[in-house]
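There are two complexes below, and they share chain A, which is joined by chain B in the first and by chain C in the second.
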Partner chain A sequence: MEKEVMSSLKMEGNILCSASSFIRKCIFGVLRVGAIPNHIAFIMDGNRRYAKKQKLSHDGAAGGGGRYDAGFWALMVMLLYCQELGVKYITAYAFSIDNFKRKPEEVESLMTSMLEKFHLLDILVKRLAVRVHFAGNLELLSNELRASAMELTEATAAYSKSVLTICIAYTSRDEILHAVRESCEQKRIGLEFGNDDDDEIKLMKVEKNMYMAVAPDPDIIIRTGGENRLSNFLLWQSCWSHLHSMRVLWPEIGVWNLVFAILNFQRNKTYYLEMKKKEKEL
Partner chain B sequence: MLSLRFAIPTANTLTPPKIKPKPGLVVQTAWNQTDLFPSLPKRYDYKLQAATTDLSVAGDIPAEEVVELPAELSRELLPKHVAVIMDGNGRWARQRGLATSAGHEAGVKALRELIELCCQWGIQVLTVFAFSYENWIRPKVEVDFLMSLFERALKSEMESFSRGGIRISVIGDSTKLPTSLQKLINEVEETTKHNSRLQLIVAVSYSGKYDVVQACRSVAEKAKDGQIQLDDINESLIEQELETNCTEHPYPDLLIRTSGELRVSNFLLWQLAYTELFFAQELWPDFRKDEFVDALSSYQQRQRRYGGRH
Partner chain C sequence: MDFSNESRVLHRCSAQIGNLLLRSLWHLVHFIISICNFTLDIANVLESYLISSGLLGRYKSLHVAKLRYLAIVIESEGAYQTSKIIELLQWLEAVGVKHVCLYDNDGRSSGFSLSLGSLGILKKSKDFILENLDGAILFQDAHENNVLLDQQHMTLEFVSFSDGKEAVAKAANVLFMKYSKSGVTDQNQKEKIFTESQMSEALKTVGSGGPELDLLLVYGPARCHLGFPAWRIKYTEIVHMGLLKSMNYGSLIKAIYKFTMVRQNYGKCSFDLHYKL
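This part shows the complex of A and B:
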């Protein structure tokens, strides 16, 4: 996966990587004959099972967190493929608030792994001109991680080719609660200063205060790892999304998995557009 | 534009599905397939029988009795709350050259069977998505037919539900329903409110987003009146204001959607956070006992982690 990303960015590679990249671009050219989704969201499930299969390090302290490296590269590969296809918005469910329930050493290992990857992520997203946004209750993160996230968000704010949203310390219910509190606070201020006559919280106001307001609703939600549930991810935004569950573990996801998810989406696109239109009409 | 003529399987189970051959059905052997290879289409054994307008199919819902579960199911692992998106009535009718209304009537019969099974097997709550807020845009003829079908079904089943210990609750924006149907709903809810064998929640003119918005508005009102502080707004408060507050188990354990569509279509958005999703290929009127057993069997094999460890 790492070689694939580096080769595509012309950072390193060999003739085989170049050939595979050429074939992939041909396949994507065929896919683009049909509708390409504007926004794909990924539930990146299966990292621990993959690590068990590969017998990767569980140690988080001594430069470990190796079990999540493959997951990181899988995300970068998907980002690259989506950009090649013309998918503008990519969202990845990196860490749920519920994941804090795991063993402290495991949480620590994951946080360490994320922090270690920021430098590399910084290089890659700038190379690809990707704007990075972090969605979630960032107050729950360590100061260091939060500061790195803010720094990367500011550094890439000007890019517009694609938008990568990383959901970290995120659950959909927490997002809705946050949006409601913000809307109430804004309403209170509006009423107090006489700027707002309307006494009611409106749906649009709540949506504007969501962490995910930077992106439109996802067209496809892909979940790896074989489970078929949303796990408190994008509940609000997923009402018309095409849900695609695949057995492959997240670090093993490849181009064909993405191709078939999009083909499935293209089959059902007419229905999806119709329902979005009906929702607007109502 | 590329179009596929075959279904691409989605993984609904972690272990190989149990294959039950059915007459006229080509069964896919999913376990040896990877996601790279799509399955062959199923051939349906078309039953060209005319739909009837008689909605009472097999008599009353049987009174409480001990019923053995099918061999593949375990009583301890049954879901408490099952939600169903009853999709496919129109397509079912078109496949048979019948009017859409015939499809809806066949759908009511399938629902009745499902209610009976839930009663017999001890499932406590069954929520069905009968009519979504977006369905108001359908042709007036179809909408009027559906409203009259709801009325007829409620009237004909009210006594049966009462005797069968079924409590009926209706959620959704009832202001758009005909007045006669609103009155009937109130009557049925009142009559059955003390029943406890099964709670049947019927979502009519329902939108998951608007359910959350109205809950948030209620909470915002309380904050405005000073009953609660902004910082006190939590998930529990929202849950109490959602329309599913009519039941002790507002969050479905299992959501079944028929007709092969892979989406939740604005149904119970907040409530579905940890719900196991099962997408059945069958059209709703064809979703019977065997298919329900498949869904429950799939559910029982899932590992629910809620974000924690295995």
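This part shows the complex of A and C:
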């Protein structure tokens, strides 16, 4: 995965990488005949099962990399492929608030790994001109991690080719509560200063205060690892999203998995368009 | 000059041929996928027949007790097929499912008033469905009359699109009234108002409360939950069942069986990787 990313960015490569890149471009050329989704979201499930398969320890010793290293590179590869295809928005579910219930050493290991990856992410996203957002309750993160996240967001604010949203310390319920709390606070302030015209808090106001207001609703939500649930991810935004579950573990996801998910989406595109149109009319 | 014109024409022709080739390949790929899906459908029909006739042993005993709350999402066209819906509910009752939530994506409310146009298709057919299903009662009535949920008969809930996002906006107003009455400015005190349990209560107050669902079966052309109330599908298994008009008993049993085999750890840690995230 790492070689694939580096080769595509022309940081290193060989003839095989060039050949596979050419084949991939041809496949994407065919795919672009149909509708390409504007926003794809990923539930990156299967990292721990993959680590067990590869016999990686949780602190990232043996095997030439950390437990979540392979997962990180898989995300970078997907980001690259999506950009090549013309998918503008990519969202990834990196860490749920519920994951804080894990054993402290695992949480700490994950946080340390994330901090290390932010530095690498910084280089890669600038190369690819990707704007990065972090969606979630960032107050739950350590000061260092939160500061790194803010720095990365600011550093990439000017890019517009693609938008990568990383959901960290995120759950849908927390997002909804946050949006409701913010809306109530804004209404209270509005009433206090006499500049609130609405009788009640409207749905539009709640939606504007969502963490995910930075991106349109996802067209496809892809979950790896074989499970069929959203696990508190984008429950609000997924009304008309095509839910695609695949058995492959996240670090093993490849171009064909993405192609298949998009082909499935294309088959139902008319239906989704009709549903969205109906909702707008109402 | 002639040479540049000719090269332009050549370039245009080759681009057109290229586009035609790409389109043909795209149609070919989708045609192959249709064939594969058709083959899979036939296999599923055969398997469903085997399940229905009891020839597949593992589906004979279902641990239905694990399935406390089931939701059926039906796309708009299917929601008018009331007889099919009643048949489906009768199958679920026979299997032993105690609580079913029926949802269709129709029904938008205007403000706080609930006009007939704001009810979903299923909500409008509620009385007819209840009449034709022996002993089934409304979930709200069961709660109000303190009827035990381990009763003999099924409880039904009817939910529509207006119970989703719009209900959350209404619940926000309920919480705002609580917030403004309390005169709270302290952050800690504020946190006590905006909690998940308070939100659940507020949703109940506006008539859109309900338990979290275990399994959600989607009867429609695509695997999409069609705006089912987000608050209730946190860890819900979502299974696509195809169109309602093609529903069959075997597929239903298979979906419930698969659900009973799933083990969740709700995001918590386990180094035993038989547990899943």
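One rule holds in what follows: the second predicted complex is superposed on the first by the 276 of 282 C-alpha atoms of A that agree within 3 Å, B and C clash if a C-alpha of one lies under 4 Å from a C-alpha of the other, contacts with A are read in each partner's own complex, and residues count from 1 in each chain.
Going forward, a contact is a pair of C-beta atoms (placed from the backbone, for glycine too) under 8 Å apart; a residue touches a chain by one contact, two chains touch by 3 or more.
Remember, it's a predicted structure, so these values are computed and weren't measured experimentally.
With the C-alpha superposition on chain A as described, chain C and chain B clash in the combined arrangement. Of the two partner chains placed by the overlay, only chain C lies in contact with A:29; chain B stays clear of it. By the touch criterion defined above, A:99 reaches both chain B and chain C.
Once the two complexes are overlaid on the shared chain, A:236 sits against chain B and chain C alike. After overlaying the two complexes on the shared chain, residue contacts for A:244 are found with chain B and with chain C alike.
With both structures placed on the common chain, the touch criterion links A:257 to chain B but leaves chain C unconnected. Chain A uses residues 30-31, 33-34, 48, 96-99, 101-103, 106, 171-173, 176-177, 180-181, 183-184, 187-188, 200-201, 203, 206, 227-232, 235-236, 238-244, 263, 266-268, 271-272, 275, 279, 282 to touch chain B in one structure and chain C in the other.
Looking at the complex, you find that chain A touches chain C at residues 29-34, 45, 48-49, 52, 58, 96-99, 101-103, 106, 171-173, 176-177, 180-181, 183-184, 187-188, 191, 200-203, 205-207, 225, 227-232, 235-236, 238-244, 263, 266-268, 271-272, 275, 279, 282.
Chain contact summary for the complex, chain C toward chain A: residues 22-23, 25-26, 29-30, 33, 105, 108, 164-166, 168-169, 171-173, 175-176, 179-180, 190, 194-196, 199, 221-227, 230-231, 233-240, 262, 264, 266-269, 271, 273, 276-277. Across the complex, chain B meets chain A through its residues 1-4, 8, 10-14, 34-36, 38, 133-134, 136-137, 208-210, 212-213, 216-217, 219-220, 223-224, 230-231, 233-235, 238, 261-267, 269-270, 272-279, 302-303, 306-310. Interface residues of chain A facing chain B in the complex, by the touch rule stated above, are 30-31, 33-35, 48, 96-99, 101-103, 106, 171-174, 176-177, 180-181, 183-185, 187-188, 200-201, 203, 206, 226-232, 235-236, 238-248, 256-257, 260, 263-264, 266-268, 271-272, 275, 278-279, 281-282.
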